[in-house]
């Protein structure tokens, strides 16, 4: 059960990746790093004053947005769309840079992260549910709903969807593509900040070690769910989280990741579009 | 001097890693699997020289073959996946290879010590070079013999029809197909050649570090493999070499004096490089100017 | 005029000779980047502090009777094997006579591999440079080359002692359950080769083991297994990040073993910073605690150079003084770099006993150290000495 709940965090990261991909048809490799960075950003407030956990989360949320914008400006704004490889590489550079900044500032030591409902455990016989993971799940669901509402009920959302489907046509309609792209990054960043904070809370600690596996898992979730599809990312995240845990139970830790890769292969072979291929996705 | 020879060795092996990705990138496939083929080459060559007592050259031949066969096998399913999905699929493959070696044990007792790879602990004592008295200089020449040969091969490809076909597929698959190019053959062959090159590179890597383990072939290595050709520019093999020199010689060793700043600058400079030269150091314009400079007048 | 010129020239020469201070260079290298950054920072601080003390006391006495100052230069290998090899080659190209390092065991193994294996073997083109390790702790590495020496705690002896003592003190405890970080060479070996073996040798039954990976964040399944086994003692062979993760999960699931045993490397600030509450009472054998006068002094000096004194950095401190002793006893010249390196190697190989901050350290035949140790326990926000078994 824990796996599924943890999967909610994978889902959030997956959504972030898929959002950027859906709109700009590019992958932002720095996303997971930025979300952990956002979580660290949340910790900054604690240096100034002792704040309750939810304030820290809020700061992480904001920091994530700021980082998202930063990544946009440094990696996507100036590089022409015709060079996808260049943006890929520059996001890798950002990934390294963010990681390095975190390490420098914290001297590599893991930082304690405030958790909510840390000691709440609901037991039902063999099974137990962690209270804090339920909160993570809950917040993730809220975020997803919020995002879907934004995309489908607001003007910005409409603009974003327009740009993702036909950037040139959207521009002709008067939509400022640059601004929409930037906003996409900011929104994805905000999500990422929350995801990072939630992960920090559920693990209890933040460490730069978290970045790489999160990036890999996030990308896998994005692909399984279908690049560009948000509901896909959500379901895939939960699926991968649960799958991982079940496998660990039966086959042990060493083979666990191997099976996640196999799951990916199965999907790629049988359903290359992922769970939900977005309509009219041009690659 | 040994230090410089060692550095040149490192540049050589990394260039092979980069070149293995270069040829695949030409066809428009972004692959993060090269670290996997690199790993296979490393373990195969190591096992052959240490456990079976082979000489390094035939061992490298077998590594190349192993890399090629695996790459060919990966090449076919890779056809089904396009663009960025391929990136992730190949990443998963690379990780899969790494995890395989994490679980792989094969030890033979020689005398009283056991040799061979031991899962998480790695594969140690791959001492073909020092045991046979090769000096750092000689190892450097050996590695570079391969690098030069492979660069020459790829450069020759670039000037031949095969190179044009590769790039055509990379530019626009639909157009290439409509001219009668067999996409499958081209893409899979590029992947196979890339696998062979990575296999050789891996074999050399194992021998000049004397110890390999699963974590030596992680996502970062896979990323560097494509970073070199992308940063260097896909217009020419020399771009990759330039990028390797830039990263390993300049960023890693040259900036050593900057102490702590070195790591921060690493990521920052890559971001900067991509912003300033999105098509790589040696992009078509730069290449054109260089050609005019050296080769007399040629139509750009 | 000529006489004046000659006099001036002589004066300059004499002045030059006086002003020219001889230095002996000792290189340091280790991880100053990445998650393990603090190790490199601390080792460098310890080395600089030790050099400062030695120099203030006059320096090293050379073969010709003159004194030389020790200069330390520290290189960052980023915990990367290729870079470590590059760094040692770079060091060998300078006039450094010995190097202290590396931090990471995955760097040490390839690095020792490129050194000449046996000194007598002229056909072996490996590097001929002495390396005296302070931190890289994976079991059995110095065996790889006769130029490799280590001053790291011997986990076999320490854990043997821990389990022996636990068995003596708490005869009612019977079972041990292990938790191991399986994809990191050091921690993996520490459980499978050392802890498990030593626990059994001292009368405990191993009730089972749970594995996880270095980057893991979710330990629910493993702790559930642990809970089922309900062992008296839980031994965790993992570094601070996952150790804290597991401990927090254990708290959540209500797993409370009677005794908690940890990995040597985790007896550091990191663990307490991450999960002091959950780690309370954890027992770890370590080769350093600031209990003796020398220990406290070393810690103070290292702090002046902005480093933390723990078992790793204090090994670097000890190494510096051991090297000074060896340099003097082998009468290095300060002029013949390769010759001096040879002498230092010979000197290190000859040593049977060295001075450590906890007491005398025995040197073994395979160039490892048998360091005195004590048991520390997490109490409040510190690692407090629990028991001195010596």
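We call the chains A, B and C, going by the order they appear; numbering starts again at 1 in every chain.
Going forward, a contact is a pair of C-beta atoms (placed from the backbone, for glycine too) under 8 Å apart; a residue touches a chain by one contact, two chains touch by 3 or more.
Every value quoted in this text rests on a predicted model; they were computed, and no experiment measured them.
Asker: Just to be sure I understand the contacts, which chains border both chain C and chain B?
Answerer: Chains that touch both chain B and chain C, as defined above, are A.
Asker: Which chain is most remote from chain C in terms of Cα centres?
Answerer: Greatest centre separation from chain C goes to chain A.
Asker: How many angstrom lie between the CA centroids of chain B and chain C, rounded to a whole number?
Answerer: That gives a centre separation of 35 Å.
Asker: Taking each chain's centre as the mean position of its Cα atoms, how many Å separate chain A from chain B?
Answerer: The computed centroid separation for chain A versus chain B comes out at 30 Å.
Asker: At what distance in angstrom does the C-alpha mean of chain C lie from that of chain A?
Answerer: 39
Asker: Would you please write down the residue numbers of chain C that are in contact with two or more other chains?
Answerer: 33, 182-183
Asker: When you check chain A against every other chain, which residues touch at least two of them?
Answerer: 100, 103-104, 212, 254, 257, in rising order.
Asker: Taking each residue of chain B in turn, which ones touch at least two of the other chains?
Answerer: Where chain B meets two or more other chains at a single residue, that happens at 102, 260, 263.
Asker: Which stretch or stretches of chain C touch chain B in the complex?
Answerer: For chain C paired with chain B, touching residues are 32-33, 75-76, 78, 81-83, 85-86, 89-90, 92-93, 106, 109-110, 113-114, 116-117, 123-127, 144, 182-185, 188-189.
Asker: Which bits of chain A are touching chain B when the two form their complex?
Answerer: Touching chain B: residues 21, 26-27, 74-75, 78-80, 83, 85-90, 92-101, 103-104, 212, 215-216, 219-220, 222-223, 227, 254-255, 257-258, 261-262, 264-265, 268-269, 272, 274, 283 of chain A.
Asker: Using the touch definition up top, name the residues of chain B that touch chain A in the complex.
Answerer: 25, 30, 77, 80-85, 87-89, 91-93, 95-96, 99-100, 102-103, 218-220, 223, 226-227, 230-231, 234, 260, 263-264, 266-275, 278-279
Asker: Inside the complex, what are the residues of chain C that reach chain A?
Answerer: Within the complex, chain C contacts chain A at residues 33-38, 41, 182-183, 211-218, 220-222, 240-241, 244-245, 248, 251-254, 269-270, 273-275.
Asker: Considering only the defined contacts, which chain B positions touch chain C in the complex?
Answerer: 1-7, 10, 102, 120-122, 124-127, 129-136, 208-211, 213-216, 252-253, 256, 259-260, 262-263
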